[in-house]
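In what comes next, chain A is part of two complexes: it sits with chain B in the first one and with chain C in the second one.
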Partner chain A sequence: MSLDYEFMKNTFFLCLKGVPVALNITAVTLLISVPLGFVIAIIRSNKKHPYLSKLLGIYISYNRGTPMIVQIYIIYNLMPYLIFYFCKRLNIDFDVYGMSNMVYAYITFSLCFTAFLAEAFRSGLGTVHKGQYEAAAVVGLSDYQCYRRIIIPQAITALLPILCTNVTGLIKMTSLAFSMAIFDITAIAKVEASADLCFIEAYLDITVIYVVLCLLVELIFKLIEYRVKAHRAVI
Partner chain B sequence: MDAMLEVKQVHKAFGKHEILKGVDLNVDKGDVIVILGPSGSGKTTLLRCINFLERADKGTLSLDNMEISMKHAKKKEITYVRKKTSFVFQSYYLFHNKTALQNVTEGLIIGRRLPKRQANEIGMNALEKVGLKDRHAYYPSQLSGGQQQRVGIARAFAANPDVILFDEPTSALDPELVGEVLAVMKKLAREGTTMIVVTHEMSFAQSVANKVLFMDGGVIVESGVPDEIFVRPKEERTKQFLRRIIPDSDYVI
Partner chain C sequence: MKPFSLELFFKYIIKIVPFLGVTMIYVLASLLIGIVFGFFFAAAKIGNNRFFKLFAYCYTAILRSIPSVVLIFLVYYGVPAIVKPILGVDISRANRLIFIIITLSLYSIAFISEIMRSSYHAIGRGQYEAAVSNGLSGFQAFYRIILPQAFVVAIPNLGNTIISLLKEGSLGFTIGLIDIMGRATLLNAATYSNHILEIYFGLAAIYWGTSALLERLFVYLENRFSLNYKLEHTADKQAIQMEEMV
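Moving on to the complex of A and B:
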């Protein structure tokens, strides 16, 4: 068996066109999920809102307990009906079927990834001793100031490696966007491969692309970690 | 004269376990009150209730003529109490991500909104008083336990509180580091700082306190000036406790 190198080269550059799509989904998802995940983690890690915590726990269990592809199918099929129904009820003139598939991708990935991040952040917050909260309260810091100035800066050291794993996971997860008819890296490879029947070549191509993307993310996180630790003594 | 800080009938239970069963406490300006008692007697819980780190089930607190229900205190009232009191923790609880100086000034700049320059000046003076001015740029992890606790004390009195609450400030320290912390506390006491100290350091109680309370089983069993309590305790439980503790303290030089 021999590989079709010409096809490999051409497909590689074609697949690169999917990289902005994957990064676009990743970036928007992060922008939504990071703040939301933090809020959920904070709600779930202190005992002030028992019922809300339970409810959020169910949401997290759902996202952890169902395959990503199933979540995509559900939202991709259910969402248009829901939006259509509400728009009709509220007399809003809105063309549901003209909505970009990217919007569905943002919604699906954000919903899922927020749940993952909430748990990652909760484990990060758990590394900070409760005495830090008490000391902050005693010297007169508000809850917000306490998290902003004392807790989160300390949690971040423990949290960066987990966050890095999650972000690389998210980039790989975007490969499922093809099931929402979005032309990302994997979708392009699949189409090209079926046209020329060169599956192995196409998949080797995108393996390289994903590995390089994730290595870049790792590198970025290494730099952040270095910076965070540089101005702080090791705890 | 009215007491500066007065708590009345404090009750606190954790689940079914009653820790405080009606404690009264009066603190006048300049008092150094030492609370003694076996572990589990509620000393620490009492201090934590005064600062609202624990919410008491019953009781009132009056501070500077303002009376507050300890069970139903509002956020504003808690802030008021915390502004006028400071707390020194058994395990120091310095902010790990802040230097010694920042630990002292954090509450001043963020909590009390003092200008940074003024806060830094107060902070440096506070650190000088505990003998750590040259360590102002060190992080807690670079300081010994005794030094950390001295920073903790500096952080407490830099806020210029009416009263400082000490929760077993030397119990987590190596024996050889206890002395430096007690020395700082003695210095503060001599300067007229009002203090409530939960401790097992009998020599400190004997030499510095002007009032000693003995707690057991969630109530104050006996209180008085140190000589009364140490030399002529009236209650059997106090005598038992002192017999167990005093011979021990003879070994500690």
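Moving on to the complex of A and C:
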């Protein structure tokens, strides 16, 4: 087995152009789904809204039980139809077919990732003892104050590692954006590979890129964790 | 675009379901391989040999950060290129199932070795020391004391692993494997994407049902093997009740 090193070098730099796209999707998805996931986790962890949490439970189980690629196909094909229908109903002049593929990617990844995060955050919130909620209520804190001042500071050490695994998972998930005609890292490698028939080289390149990206994310989270722990020790 | 037809939805479910067998084959095969090799990797992580330890940890860290679609292609093109000069056999035309099983096994080794390591540590060294000080040999202590307890701790995580293998394996259609996902893709191509929503909703329903069933199964197993259950269903129950009454 001999590798074409010249091709490998060229493709590596070409594929690096896909990194901002992947990070763009990751960042927007995180911005949407971290707050949403947190709200869902809180709704599901206290028992004030039984029907709503049942409904959210179904949504989460669907997202956890079906492969990402199937969800992408469904949303990518369903969304334009739904938007077109609503715009027609409400008499809004909106060009559905002129919409960027990136918007679909944001919607798809956010919908899926919110479910993952909601479940992860729920288990993170579960590490805080029940007595803490009751104590906060007894002292007279509102729900918001209770979470802001009592629960989240305690849960954050458990939440950070969970968030870290999920963020690396999200970066890996973005490799499926090629099925939405988005030129991210994987799509560029695919095109380059099939042009020159150097499949192994191209995929080795992007393996390196993904591994470095994920390890960097893990490193960043380790640093944040370290800071949070130091902060807690001072208090 | 035509409205969604329930009739077609059920028709396509019936057409896709027979291929669930292929999906289950690669899930179970890779789980089995993962358990066997994952055991050695976990042993390397727990053990004292520096080189093996570093290797096992690096393997897990790298495998966890490769997207499955990339690894599938890497295995699909890479394994035949490695095998050909060594064995002199061209396996690039072999059954695609083999490549998917190799890919998923690589993943499951990483996942399962990590699960085994964490559940071993969850049991605690005290159990091992207590067993050895009672006169059991090292192997006996592991086989009779650590393993049964670690197994129960590992059950929920094993359930998650099997579901994620099921989901990762769906990307096998990219190299032309005909499992439920591949079958749905073929049906979609044959109908010129006219029934795309019915087909993929049907497929999603099958995946959802399968993983929900697997989840239930593992919750049942966890309850069945956990300590509470045993206490409730053996003579110990009476002893506990007696104690409570006193």
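To be clear about the criterion, the second predicted complex is superposed on the first by the 232 of 235 C-alpha atoms of A that agree within 3 Å, B and C clash if a C-alpha of one lies under 4 Å from a C-alpha of the other, contacts with A are read in each partner's own complex, and residues count from 1 in each chain.
Rule of thumb we're sticking to: contacts are C-beta pairs under 8 Å (C-beta built on N, C-alpha and C of every residue); 3 or more make two chains touch, one makes a residue touch a chain.
No experiment lies behind these values; they were computed from the predicted model shown.
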item	value
Fit-or-clash call for chain B and chain C when the two complexes are aligned on chain A	fit
Which of chain B and chain C A:137 touches, first, second, both or neither	first
Touching partner for A:45 - first (chain B), second (chain C), both, neither	neither
More chain A residues in contact - chain B or chain C	C
Touching partner for A:145 - first (chain B), second (chain C), both, neither	first
First (chain B), second (chain C), both or neither touched by A:154	first
Vertex chain A; arms to chain B and chain C (CA centroids, nearest 10 degrees)	90
Contacts of A:172 with chain B and chain C, given as first, second, both or neither	second
Shortest CA-CA distance between chain B and chain C [superposed frame, angstrom]	13
Footprint overlap on chain A, comparing chain B with chain C	none
Chain A residues within the chain B interface of the complex	129, 131-132, 134-141, 145, 149-150, 153-154, 232-235
Chain A-facing residues of chain C, complex	1, 61-62, 64-71, 73-74, 77-78, 81-82, 84-85, 163, 166-168, 170-171, 181, 196-197, 200-201, 203-204, 207-208, 210-212, 215
Residues of chain B that touch chain A when the two form their complex	51, 53, 79, 82-83, 86-87, 89, 91, 93-98, 106-107, 110-112, 139, 141-142, 155, 159
Parts of chain A lying in touch with chain C, wherever the complex brings them together	1, 61-62, 64-71, 73-74, 77-78, 81, 168, 171-173, 175-176, 186, 199-200, 203-204, 206-207, 210-211, 213-215
